[in-house]
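After this come two complexes, each holding chain A, first together with chain B and then together with chain C.
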Partner chain A sequence: MKPLCLLGRILLVIGCCLVLPAGAHDAMPPLDIGQGGKCVDDPGFMRLNHMKLLLQQRDETVRLGVRGGRYSLAGCVDCHASKVNHSVLGTDRNFCQGCHTYAAVKIDCFECHSSHPRPAMESRR
Partner chain B sequence: MAFLFYLAFCVLVGGLAWRMVTYARTPAPLKIPTTPAPTTVPGVVFRMAREVLLFESLFKANLWIWGFGILFHFGLVLVLARHLRYFTDPVWGWVVLIQPFGIYGGMVMVAGLAGLWVRRLAVERIRYISTPSDHLMLLLLLTIGISGLSMTFGSHPDVVGVKRFFEGWQTFSPHPLPDSALLVLHLMGVAVLMIIFPFSKLLHAPGVFFSPSRNQVDNPRERRHMAGWAARFDKETPHG
Partner chain C sequence: MTAPAVPPRRQFLSQGAALTAALAIAPGLLLYDFARARPPGEPASSAVRWGMLIDTTQCDSGCSACVTACRKENALPEPVRLTDPQWIRKVELEQEGSGRKVSLPMMCQHCADPPCVDVCPTGASFKRADGIVLVDKHRCIGCRYCMMACPYKARSFVHEPVTDHSGATPRGQGTVESCTLCVHRVDRGEIPACVEACAREGHQAILFGNLNDPDSAISRRLRSVASTRLRADLNLDPGVAYEGI
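Entry: the complex of A and B
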């Protein structure tokens, strides 16, 4: 390996990178967040931890009988079901499916639970 | 970080191309297939496939290295396939299907690497011939593997943010990388790996295809084997 040749190549690449346009395009994937409003926790925190919170809530509800906790799947769906198809699933713009399809992460929730808001919530909208 | 990956990508692609051109130009003046060798071209293709996919000669040489090597390489294939979700949009169907297997692949890969390292440290005569680069290479791969598994099983980064980062990277419109020390460690490791790849023992990946003892057909009587330079020499000085 000739060191000069390697150095030249690295400099060329650095040069190329410097002249590249440094813009940023935003909001990908575009999401239909439904009614939205104030979340039960910080959105950034929810983005990273919603699955853990929901699993913990499930365990507390099923094993300890604790109802009415802060984090509930039905609560998520109530606020975030699309106003178009009344669901958090269905298209790649819907609240759950949007990111889950984008990142190829499977959603187990809705094989048992409803992806539509509860009737009481629906009538309030 | 985006810049580091442009650099690493160029070094990897450029370096590999340069190495492969060098390999292709290196004369192979002798007919030296390791016998018993196939006597037809399809036979050689089949032999090479066995060598590349099943590590046949390693299997015959040393079962321990072969076992750990198979674990590592096959795990790596699954892991790489799982990671395609960050670089394709929409994600390809088969990539979605193999997502869970990618996680098993990660565990198997780390187990294989750990086995290879234990062997290097525990077998005295192997330890004696191991150079710092042998150890550091395993350390680097283990760092990448363990940091990756830690993100799957411990502290999740924002995977949507990670994908947006790499989409921006592909279209030259950089996005910020999500905050995660593990993610930074993981990606730095990958960048270092890409940069040292063309200058290290990892070159066995393209190199195996250029190995004369494996890629030659055993037909010295049917067809005379001549290196290019020797053929020219033959023409220029006719024998008496």
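Entry: the complex of A and C
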């Protein structure tokens, strides 16, 4: 009985390793990343930390007057606005709204900020 | 060694000097100071204090180009109700007795000791190192205490949801806002939209520049003509001065 039990356990662990990440990946919402391209940082890092980076840069820009930072909200929108509706909002496929709906996190940036690319970027698309 | 492809530095500088001279209205007097854009990553410096000198004798009572330019630059809605946002407005004054009339633009006076900053309970209302008084809308809770504290009635509250996000400054319902001295333009090395519009109309009633630089056009003019700070009795040291009132 003992060897079978051990074998069973090993199989279970291997099975979990194979199935769970695939399952987690499948559940990711299909996103329209717009123009995309090379992000300002590693996409995995950005997925985890964009809120902290944006918060930090926002305070430095508004209160200290530091311009030209790397992690700009307008920069996110310029690259990731959908080519269909020219926005990061609108449907659950749009870049910001899609992921925030999936994660059930309220997004209030765009009550004040524009969800459309800046005109100069729009003309280059 | 190959010759550099770019024009030599000396030649570039002399061309720049010629351009500057062409823009001067009189020897030694410029229309406005050329604000230099800060390099990216550098914060605003207290070595600079931005200010304006408004020559009311050049301000035409029928002209509101500054108001229109401000509204366009910041995507402010056309004011319909008295409570609608208004960052700059034209004021007509008449002296009792003589009947002398004066027209002038009124906006945030960017005080050195701003009462709006003193009273703000969240730290949203603040003065930047270069003297520009701003509202950090991320921290504003919309209590409107600053609006009551301001002796110039310079601030507005956004009552309605904002639908037009095309303006240079992000705006949102439930926050207080006022003239930013076009901080986004100043940081790029440009002049505020109202100053540009006034010059375009040929009035040149608004002089914008660095009050901390004794050689700036605004400092030189403040030294040579009589000017007034509004409600000077309050000792707020406004960054905006008026001449001819």
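By definition in this document, the second predicted complex is superposed on the first by the 99 of 125 C-alpha atoms of A that agree within 3 Å, B and C clash if a C-alpha of one lies under 4 Å from a C-alpha of the other, contacts with A are read in each partner's own complex, and residues count from 1 in each chain.
The definition used in the following text is that a residue touches a chain if its C-beta (ideal position, glycine included) is under 8 Å from a C-beta of that chain, and two chains touch if they have at least 3 such contacts.
Note that the structure is a prediction, hence the values are computed from the model and not measured.
Asks: Please work out whether A:Ser114 is in contact with chain B alone, chain C alone, both, or neither, and reply first, second, both or neither.
Replies: second
Asks: Could you tell me if A:Pro30 is touching chain B, chain C, both of them or neither one (first, second, both, neither)?
Replies: A:Pro30: touches no partner chain.
Asks: Please work out whether A:Val66 is in contact with chain B alone, chain C alone, both, or neither, and reply first, second, both or neither.
Replies: second
Asks: Applying the touch criterion given at the start, work out whether A:Leu48 contacts chain B, chain C, both or neither, answering first, second, both or neither.
Replies: A:Leu48: touches chain B, not chain C.
Asks: More residues of chain A are touched by which partner: chain B or chain C?
Replies: B
Asks: Which partner chains sit in contact with A:Arg58 here, chain B, chain C, both or neither? Use first/second/both/neither.
Replies: Only chain C; A:Arg58 stays clear of chain B.
Asks: Would you check which partner chain A:Val105 touches, where first means chain B only, second means chain C only, and both and neither mean what they say?
Replies: first
Asks: Just to be sure I follow: which residues of chain A are touched by chain B in one complex and then by chain C in the other one?
Replies: none
Asks: Help me check something: in the complex, which residues belonging to chain A touch chain C?
Replies: 58-60, 62-69, 110-116
Asks: Would you pull the chain A residues touching chain B in the complex into a rising list?
Replies: Counting only chain A, the residues touching chain B are 1, 9-10, 13-14, 16-17, 20-25, 28-29, 47-49, 92, 99, 101-106.
Asks: Okay, in this complex, where on chain B does chain A touch?
Replies: 3, 6-7, 10-11, 14, 85, 89-91, 95-96, 99, 156-160, 163-164, 167-168, 172-176, 199
Asks: Please name which positions on chain C make contact with chain A in the complex.
Replies: Within the complex, chain C touches chain A at residues 38, 40-44, 126, 128-130, 134, 136-138, 161-162, 165-166, 170-173, 175, 183, 187-188.
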